[in-house]
């Protein structure tokens, strides 16, 4: 991967499965549909995990950027 | 869903039932009436849940954007 | 209620009784007198509640917007 | 009180005794001398209270706005 | 003291001894040398106190504004 | 190293291995691919460590700048 | 020291040894190489201390400004 700006890495992950970790230790896994410069992020086919355990199947989810610590494409 | 920007996903959920999770572990479920770029959000026919338990029926509620972690259309 | 922007919901609640929840789990109940785009808010005839118990009768109160999680008209 | 903007309520309290509550549960009681749009606030003849107990007599005190939750004129 | 803006109170305290309380419960006492609109603050001949106990003699110290709750001239 | 601006130090670490510590005590170690003025950061070949123990091999990771405390080139 | 602005004090400490305390109670001691208006800071020959104990020798370190509480030249 040769990315000169951080958002390029998110762009490369569009429509792919990503893991999103939040400051409150929740984790959302789903297909990356959209994001903006605040890192507000939308996933599709999303699942919520807490401590590695599946808690909820959510479908579409909007995540507020400032709640996020990391986004990892899979 | 094909959304190029995160707020498109919220627009698509207008007048539909959504779950809003807050940083303080409260959850509000209601009809999405309005939101802005700060993610300040208004729900109608809202209920407050804590740890999955219904705590209050609230009617209309204004939620300050920076208190929110996720919004999930149902 | 048909509101296109979140602050419309607060405007509709002016001079009416509202509940304001804070991030520090305090709750203020009073008549909504004023608010601005930061959600700085002024209540009149306000009461402070902690864990559902009335703690203080306050009269007029200025609440800093970023301390607020929700505002619910009654 | 008829205030259209939140800072009007603070203006009306100038040179009067106010209670200022902070996010760290400290409370300052004194005469309101000055404030700005960040709600940076100066009190005169101030006292610090913790859990309702007088801890320090301080005289003049500058309080950084973002540390404040509420200001209540007395 | 007749101050119309909060920073006037800090200006009046320049080159005088002040107490600076931080959000993390540390306290710095020293001569106020400089401050800016973010309340970034420099003290000279500073001491760090924790729970009222002298911990370190520091000399010059730069304090980041957003770590500060109050500044009290002595 | 002679750097006049902090981001010069990050520029010098591009394509090199760095340690990134987060406010939530997670640590990511990987090759620095990209960063921006918010310190949003992308690592490649990244590993997540908690309390010094390897938890996950992640590959590419986007880290939101405001979650970061330090970045140390190795 | 006669400084009219807080950053002058940091400028005077360039290439000198400083102590940087963080909100998460970590402490970095090293030579101040660079800083900017956000107080993003770079140290060289840095050591990490926790509770007064040396934990890591780090070499060059970039510290995100908003994680910092104080910077003390030695």
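All chains are identified by letter, namely A, B, C, D, E, F and G, in their written order; residue positions are counted from 1 within each chain.
To be clear about the criterion, contacts are C-beta pairs under 8 Å (C-beta built on N, C-alpha and C of every residue); 3 or more make two chains touch, one makes a residue touch a chain.
Source: prediction; values computed, not measured.
Visitor: State which chains count as neighbours of chain B and simultaneously of chain G.
Guide: For chain B paired with chain G, there are no chains in contact with each.
Visitor: Could you tell me the least number of steps, going only between chains that touch, from chain D to chain G?
Guide: Minimum number of steps from chain D to chain G: 2.
Visitor: If you average the Cα atoms of chain C and of chain G to get two centres, how far apart are those centres in Å?
Guide: Result: the chain centres lie 41 Å from each other.
Visitor: Mind checking the centre-to-centre distance between chain A and chain B? Centres are C-alpha means, answer in whole Å.
Guide: Computed from C-alpha means, the inter-chain centre distance equals 18 Å.
Visitor: Compute the distance, rounded to whole Å, between the mean C-alpha positions of chain E and chain F.
Guide: Each chain's C-alpha centroid was found; their separation is 33 Å.
Visitor: Hey, what residues on chain B touch two or more of the other chains?
Guide: 23, 66
Visitor: Circling the ring from chain C via chain D, which chains come up in turn?
Guide: Starting at chain C and heading to chain D first, the ring runs C, D, E, G, F, A, B.
Visitor: Hey, which residues of chain B end up touching chain C in the complex?
Guide: 22-24, 26, 28, 33-36, 40-42, 44, 46, 58-64, 66-67
Visitor: What part of chain A is in contact with chain F in the complex they form?
Guide: So the residues of chain A in touch with chain F come to 1-10, 13, 23, 25, 39, 65-66, 68-74.
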